[in-house]
Every structure is written in C-alpha cells, then in structure tokens.
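Take this structure first; my questions come after.
Naming follows writing order (A, B, C and D), and every chain is counted from residue 1.
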C-alpha cells in the first residue's frame, strides 16, 4: 500500500481573529489534497474530470477531528490513504500533522458522479487500478 | 426545548464549477449559524466573546452528511439544537433543508476555550442557562 | 436616480488574525452586493443569468480604496450606483460605510458576457432599462 | 532591480460556476504573493510580522485589470515589483500571466501599521533595504 503525501503552508488567509486556522479553511485544504492526489497519483486532473469528462467527486459525508490548533507559519503534512473502495465511491482517510504533532484526522466518502445527471457512476477501470494502490487493506 | 433557526441564500460565491455548493462553503455557513445563534439566542456576540472576553468556541470535531446538492438561488433553512451540554463543551446538531428536501446534517462539538492559554474553560453560568433552552432532552 | 442599498454584517469568517476584515472578503461582499442588486433591482437572479441564460457579468476591472478598517460585529451599509452604462458594460460605484464612517469605495466595470463563447454581448433591452434607473447622470 | 516571482495553480476552490477564477479568489492569491514575497525576499514572515512584532501590511488601495479569464488547471506566474517606496508604504505592481497570456495586472499600496494602535509606522531600516532591491526605478 502507498500513502499519498502533500504539504500546505498555513497562510494568513487561513487564519481567524484567534490567530488559528479557521476550520472551513481546513476543508479547502482537504479538497486540495484530494485534487492533487487525483492529479498526481491517478493522473486524473480535475480539469479533465470536470471539464472534459463532466464528472465530479463530491463528498457524500466527511468527519474531522481537530486535535490541536494550527497557526500562521505552520507547515502541515498531509497523508491520504483509501480505507474502502466501492464501485462508485471511496472512503478516504486524511491526516494532517505539523512536525510530530497530529492536528486533524479526516474521514470522508468520495462519490464519483456524472455531473449532468447528478448520479453516481462506477470508477473507470484504469482509475480504479490507480485508487487500489492507496487502499489500506487489499481484500484477502 | 427550543430550536434555533436561520436562513442562508445560496450565492454565487458558494458555488463551484459543477454549479453546486462547494462543501467548504457549507462549513462557513455552519460557522455563521453558530455565530448568529450565539448572538441572538444567547446574547453573546462573537465580538464580545472574542474581543472583550478573549474566549472562543472552536470545533473539537465535526461530521457532515450531504444528502443532496444545493444550487445557486436555493434558500437553505437551518435548525440548530443541542444534543449534549458538557461542562466546557456542547454537542450541536444542525440540519439544512431547502423546502422539504434535506440537504445536509451536521453534528459538531463546540469547546469553550480561553484564547490566551488555548485551554478549555467551563461555560459561564448565565450562558449555560441560555444553552440549556436548546437542549434536546433535559436530564431526567 | 435611484441608489441601491444593501447591508452586510461583518462575521467571524471575514476577519483576519489582525481582527479586521481581510480585504479579499470585501470583494466577496462586493460581489454579493452586485448579485443582490441584479436580483432585486433588475429582477435578474444570478441563477437565471448563469443557469438559464448562460451569461455572466465578470469584472473587467475593479479598484478599491480602503479608508478605515472594519471589525467583527460591524454592520456595513452598501450603496451602489451606475456611473456609466455602455452597450455591454456598466461602470459601477459601490461605497461601504459603518454608521457615519466611510470604510471603502469601489469602482468596477461589469461586462455582460456570453459564457459559452466568453464574448461580450449587449444588455437585453428590458435589463438596460432597469440599469438606467441607477445611472448617476443621464446623458444630456 | 530584481522582480519577485511566484507560481499558483488554479485549483477547484478558486473557480466559480462559470468555470473561471472567481475574482475575490485572485485577491487571496495576490495576498499570498505578498506574503511569500515578505517571507522569501525580505526574510520577514507574516508569523513574525503579525505575531511577534504586532505589525501588519494592509492594502490602502488596490486596483486590478482583468485581461482574460483563468480556468481550472491553469498555472499562473506572478511577478511583483515595487513602484514607489514611501516612508511607511509601498506601491506594488503584480502581474499574473499564464504562459504568454496576461491575465491580470494589479497595483496596490501596502501600508505598514502598528496593529495595536492601527497607525502607520516607518519601515524598519533593514526591511527597507530589502524592499529597495525590488524598486523599479531608484530615485535619480
């Protein structure tokens, strides 16, 4: 199993009047982690996915645990793995750390949808193979 | 038990290239629902909370289920109730509907913190009384 | 001449670590003022404009002067007028005040475009009549 | 004279229902260009500036010309130079291009302020020297 990693600098625009990352901005970062994962790990850019192929991967559900606050200037290291791969969906786990400190853990369910009909549709075979490389446990 | 309600128009700035609400924007809306709830239901504005009193109510955890997509021009009706009221925290439930259709259900845990020490602290007595009015089940 | 007015509460999500409105959030507010103006003054919702009619009104240019900082809890009153109405464009002026204090003055040029060809196109006659009511000086 | 350069990928979160960069997101990018410029060119991180030194560099005014739309997947190359360096301010010019195509040109005035008193204050000598290296024309 591979884990996809990505890095985000905590910038001024992410921080609230308390000087810490405003949690909706974490979800923008999480979306960017998924977007970069699709681009680099699956060779499936969101420009191709949305523009050419008229598909999308909205979240069906998402849950985040915030362990400690992040501040301006922190560097966040993200790790993405796939917990379960469905016919048209994927349960992903994303963790964000700063140095040795866990900052947040996120579990979400991506659903592949046809944008014009807003209906789920199965992963294309070659993309599915790419996703499987990040699957935590291959089926026995 | 009371339920707090609030309304949000889905605006251009909330929508993504698929023409639906980008989910991080939902969390901005959720944060605004909490902010307006504090202001109107508890008479505790975030300006007072953050500015004068140097406290905050970050989310310790949050989970959202997205039932159906929302589009530009939709009107979202929010309902907030409190599921559990802790010494220094509150589990809240927020649902967003458009007309009769459920769009998202959110459960989150707010923690009252002292911003200067970034430590949790108990709800002030009079604020706690306000929160209790929105508690789903008063302890028997 | 009429002036269109709108009101925005400065919320937590608009403010930066310095405790004041982060200026990109002002442009989200400005966009919302334009969006509400189209909806209420011209009866031309962005849902209709973008969705049904496949047109948009991107800014060709925008300039803002920030006179004084806005803080969490401030209430901003916006005034929109039209300075010049072109065949396919409109120069707008938007001012934001808090009580008696000017906070920002914005001048922008909206261009009506056909989204599929990304080309400008003339204002439809009935919409143009609506825009003219907010024109600062009718041509002598 | 040096020019500071920086690069931004146009991500999903930047784009609107028309599939192009929503202009308030450009201002977030512009703010990030300034933030990275301060960090890398002046060795003056916003964490130090805001957190330790309790100063900020809000925009006093900003004007942007949008020459052509940017789309999901575009790569934007930014160039920052300083047009005029005042005692407590700096007029900056930032251009964003994609390949050979100019996308936007921005002129803004940064003002160094003391955050606690919200008053302007002169550039510290060593920072001023750093800024001068990016000055378009040194005074004859």
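As a convention for this text, a contact is a pair of C-beta atoms (placed from the backbone, for glycine too) under 8 Å apart; a residue touches a chain by one contact, two chains touch by 3 or more.
Being a predicted model, the structure only gives us computed values, none of them experimental.
By number of C-beta pairs in contact, C-D leads over the other of A-D and C-D. Same interface as B-D, judged by over half of the contact pairs sharing residue numbers, among the pairs A-C, A-B or B-C: A-C. Put simply, the C-alpha centre of chain A and that of chain C have 34 angstrom between them.
In this assembly, the C-alpha centroid of chain C lies 24 Å from the C-alpha centroid of chain D.
Taking each chain's centre as the mean of its C-alpha atoms, chain A lies 29 Å from chain D.
Chain contacts: chain B has residues 12-13, 17, 19, 22, 24, 28, 31, 50-51, 72 touching two or more partner chains.
If you sketch which chains touch which, every chain touches every other chain without exception.
Only residues 12-13, 15-17, 19, 22, 24, 72 of chain A touch chain C when the two sit together in their complex. Residues of chain A touching chain B in their complex: 17-18, 20, 22-25, 27-28, 30-31, 50-51, 56, 58-66, 69, 115, 118. Those residues of chain D that touch chain A in the complex are listed here as 11-13, 19, 28, 31-32, 35, 45-48, 50-51, 71-73.
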